[in-house]
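Here's the structure, in C-alpha cells; my notes come after.
Chains here go by letter, A, B, C and D, matching the order in which they are written, and residues are numbered from 1 within each.
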C-alpha cells in the first residue's frame, strides 16, 4: 500500500507521458498502474498513474511541490497526488431507508474498504439505531424551507471539523443548495433510483411501471447544481416483467442502488475518477 | 407442433380458468403451457394457454366458433386462437442498415424461425442485393412529403396481397402515418436504438454520448401513433465506458438492436404477447 | 395477503388444471396467479396457483383435508398448500463472513421480507456482535471431526424447538452430514461462490483467477448429500478483467453472493420453488 | 487511422514507460491511447500504446528496426508494432452452422470491420452458398482420421498463400492437430458454446440442461494444444429458466456465440490482446 496515485488532465500535446514517467523514473519510482485516455474531439489528455514509493527518492512531504516545480511548470495541467495508505474520510447522509446505509457500513466494518466514517448526517432520527449499532456519531439536522440555509451551514461546519474528503448521499431525500455543493465539487456522490436520464425526479419506479419498461436501473453520480444532471459514475440495470408490481420494482431496485452506490464509492476511494465537461473518466 | 394457443384477456372474475380449462378438457385437449396474470390494480385478467390437438375432438375449422359459443358467450373477453404449425407471414421494412436484416434472414434461412417472408419493403434501393442473396422479392417505395400517403397505400395493398400477419421495421427510417398503423394494431414491431424512454428521436447514440451514460440500450416495441411511445416488448443494454466514441456506441448498439429485435419477433411468432393500456404482457 | 398458494406436481394427464380450478371456483376462490409448466420429456406436470381467500367458503383449518378428499383423491400428486400471511421461520447459519448476514438482516429488519428469524447458528463466535445488534439469539456449536454428529443433533433439536421452516447457509463453512440434510429436504439453501458447475470446492475465486475467466458467478442451491450438486435455484455473474486480482474477485463476488442468496430466499418465502429430479422449477 | 500500435510485455522494472514514451516523443509521435498493466504476482509488465504518425519522423519501413535498436536493446521484451490502416487478413473455418458466419460477413460487408477475408475453409460443402452470396472463395477439405494431416497441410498451404494474419473457427467442428496450431500461436480464435470451464466438449447445451443451470454462456478463446483450455478472450452469458428446452438453449446460445466471437475478432483487429501464461491481457 506504499503507493502514490497521480490524477491529471491537460490539453493534449506531445510528451506528457514522457515528462511524467521521467519524473517518476528519475526518482526511482516503479509504475504499477498507468491508464491514459485522450478525448480526441476536445483534444484533451487524461491520465492516472500509480507508482511504488518503496525506493522513491522524494519525501512524501515534498512530493507535490517537487512535482509542481519539475512537471507542472512545463505542462499546464489539473493534477492531484494521493497516498494510498491514507484512508479517505467519508460522511454519510441518510433519511429513512436503511439498505444503502447497511451495505456501506458492512463494507466499512469488515475492512472491505479502508475508510473512516466520522459521522452520519440525517434530516430524521429514524436510522439513529443503526449508527448506534456501529458506534458512529449520528447528527440530526431537520430541514424546513425556512431553516435550510442555516442547517446546511451547520452541516458544513461539521464536515469541516471532521476533515471530510467526500460525502455520500445514501438515499438522502433532500436537495442540497448550490452553495453547499460548491464546497464539495466532485466530492458528493448520490444514488438515483433509475437509469438516468430516464425517470428523474422523486418517484422513478412509479414512472417506470407506468411506462411498462422491461428494464429498471440505478445511477450513481456526482451532485451538481442541476438536479439529477451531474456526471454519471456508475450505472446498472435489472430486468423486470409485467408480473412485477411497483413494490417489486422498489424491492429489485434497492439491490441495484446498493451495488451501484458502493461501486461509485469504491472508485472514489481508489482515486479512479476524473470529471471533465460534466462527464466522468473512470480509470480501471 | 399440432398445438393450439389461446391468447385472451377479460375483466377479472371468478371461474375464468375453470371455464377455459373445462372447454379444453371436455374435448380431450391436454394443456401443455398455461401462463396467467392478473393486473390487480385494473382488475384485469390475462392468459395464454397452449394445448395439444392430438386427441382434440373439435375440428380446427370449428374451433373458434365453438369456443365463442361455449366460453365467450359466458365470459366477455378479448380472445384469439392460433395454430402453432401455421407459419406467420412477415413483411420486413428496411432503409440502409443491414445488420438487423441479415440477422433476421439468417434465422429464417436456417429454420430457427418457422415463418414466411413474402416481401422486403424499402424506401431505398440500397439493400436490394441482400434480398436477392436470399431470393426474396424487394420492393422500393421512395417516400417524400408529397407522396407519402400514396406510397403507404401502395405498401398496404402489397401487404394485403401477401396476407401479412405482422410487419417488422428493421431500422426503417420513416415515420408511418397513423392511418397506416391503424391497419396493423399491435402488428408492427419496431427497434429503437436506445433504452426508451431515454433518448427518443433520431440520434440517440449522440445524446447518450453527450450525457456521458455508462450503459446504452435498445428497445423493441409496437408502433403506435405516438412515436417511440408504443408498448415495449423487449429491452437490453450493454455497458460502455468513457473510452467509447460515438462510433463505438453505434457499433455496440447494433449488436443490441439485432438481439432485441429478434427477441420481439420470436415472442410474436410464439404468440406470447398481449397488449393492454399501452403495456405488454409477455408470457413465457 | 389473505391468499393461499398451492404448489403441486403430478404425472401429466388431461384435466389437472380443470380439477384444481373447479375446486377453487366452486368454493368461491378467485385465482390471482397461475403458472404452469409441463416437462414434456418426462411427461410431468407442475403448477403453482395463488387464490384470494376473501370469499372462500372452506375454512383454513379444513382446506388441506378438503383438497385431499376432492382433488388428490382423483389425481395422484405431490402437493402442499401455504397461507401467504403466515411468516416463514428461518434459521441462519454463518461462520466468519458478514456480508450475506447483514444483507439478510437488513431486509428482515426493514420488513422487505415477512419472516421470523428465531436463531442464528454458527461454528464460531466471530459474528455474535451482529446478532446482538439485531437482538437475535446466537448459538455457537463448534464443530470437530469427533463431535460433528453430536453437534448436529444439538442443532436439529434447536431447529425443531424453534419450529424452523427452512435453513439458510449464509457462507457457513461446514459440510452438513447426509443425516442432517435428510431432516430438511429442499429446505436448506446454500450460496456457493462460483457459477456452478464451474469451480466447485473451497477456493473457487482462486481457481477462476488461475483459469483467466472473464466472468465470475455465484449460485444459490438446495443442499443435498452431493456437495455443490444440489438443485440450482438462482445464479448471477459479473464481468471481470485481467486487472482484477484475487482480492478483487473476492470483493466483486461478495456482491453477487448477497444478491443471489437473497433472491433464493425471496423465492422460497413466496412459495415459488418446486424440485424434481435434481432441478428446480421456479415459478414467477 | 495513420496510427501505430505497440504491444509489448517484459519483466517488470523501472523506466519501461519512460523509455518507450521517450522513443515516441523524441520522434514527434503523439500518444493517443496508453493502457498498462503490471502482474504484481509474476512481476511482469504489459503495455499497449497507440500513437499518431502524422508528424512522426521515422519512416514506417524503419520503425521496427529503430525501435529494436533504441528501446529493445536496453529492455528485453516481447514486442510487436502494427499499423492501424493495414487491414488484417482473416480466414474463416466453418462446418454446417451459419449464424456466426453470417454475423461475421455482415460486419465485413458493411465495413464495420476493416479486414480482408480471402477464403472460407470448411470440411463440408453445406455453407458454400453463403460464401457465394458474398463472393468469397470457399474451399472444402473433407476430414477423415486417415487424411487429417494431409488435409491440414493443404489448409496451411492455402493460409500461407493468402498471407493470413489470423484464423477464426466459426463453429468449425473439427479438432486441429497440435502441429497445425503451432503455425498460428495466439492467432486462431475459437468460439465454444458454453461458459468454459463449465461444460467443455461437444454437447454443452445438453449438459447445461441436465444440470439445471439458470445461466448459459459462450466463450471465445485462442486455440491451444489442450482442447477448450486455451486463453479466454471474451465471455458472455444469458439467463434461462426451467421452461427452456434444449432447443431453446441452443437458440439462445447462438445469439451469445455470435456476439462473443465477434467481440474477440474485434479485439484482435484492434491489436488489443496479449497472452501470457495461458491468460489474456485485454487492453481497452
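Methods note: a contact is a pair of C-beta atoms (placed from the backbone, for glycine too) under 8 Å apart; a residue touches a chain by one contact, two chains touch by 3 or more.
Fair warning: this is a prediction, and the values are worked out from it, not measured in the lab.
Of all chains, the one whose mean C-alpha position sits at the greatest distance from that of chain D is C. Over half of the residue numbers found at the chain C and chain D interface occur in both copies, marking it as a same-residue contact.
Work out the mean CA point of chain C and of chain D, and you get 42 Å between them. Centroid to centroid, with C-alpha atoms defining each point, chain B and chain C lie 36 Å apart.
Touching two or more other chains at once are residues 37, 40, 241, 243, 284 of chain C. Taken together, the chain A residues at the contact with chain D in this complex read 12-18, 21-22, 24-25, 28-38, 40, 47, 239, 284. Chain D makes touch with chain C in their complex at residues 37, 40-41, 195-199, 211-215, 217, 231-237, 241-243, 245, 278-282.
Listed in rising order, the residues of chain B touching chain D in the complex are 97-99, 102-103, 105-107, 109-110, 112, 133-134, 241, 243, 251, 254-255, 259, 262, 284.
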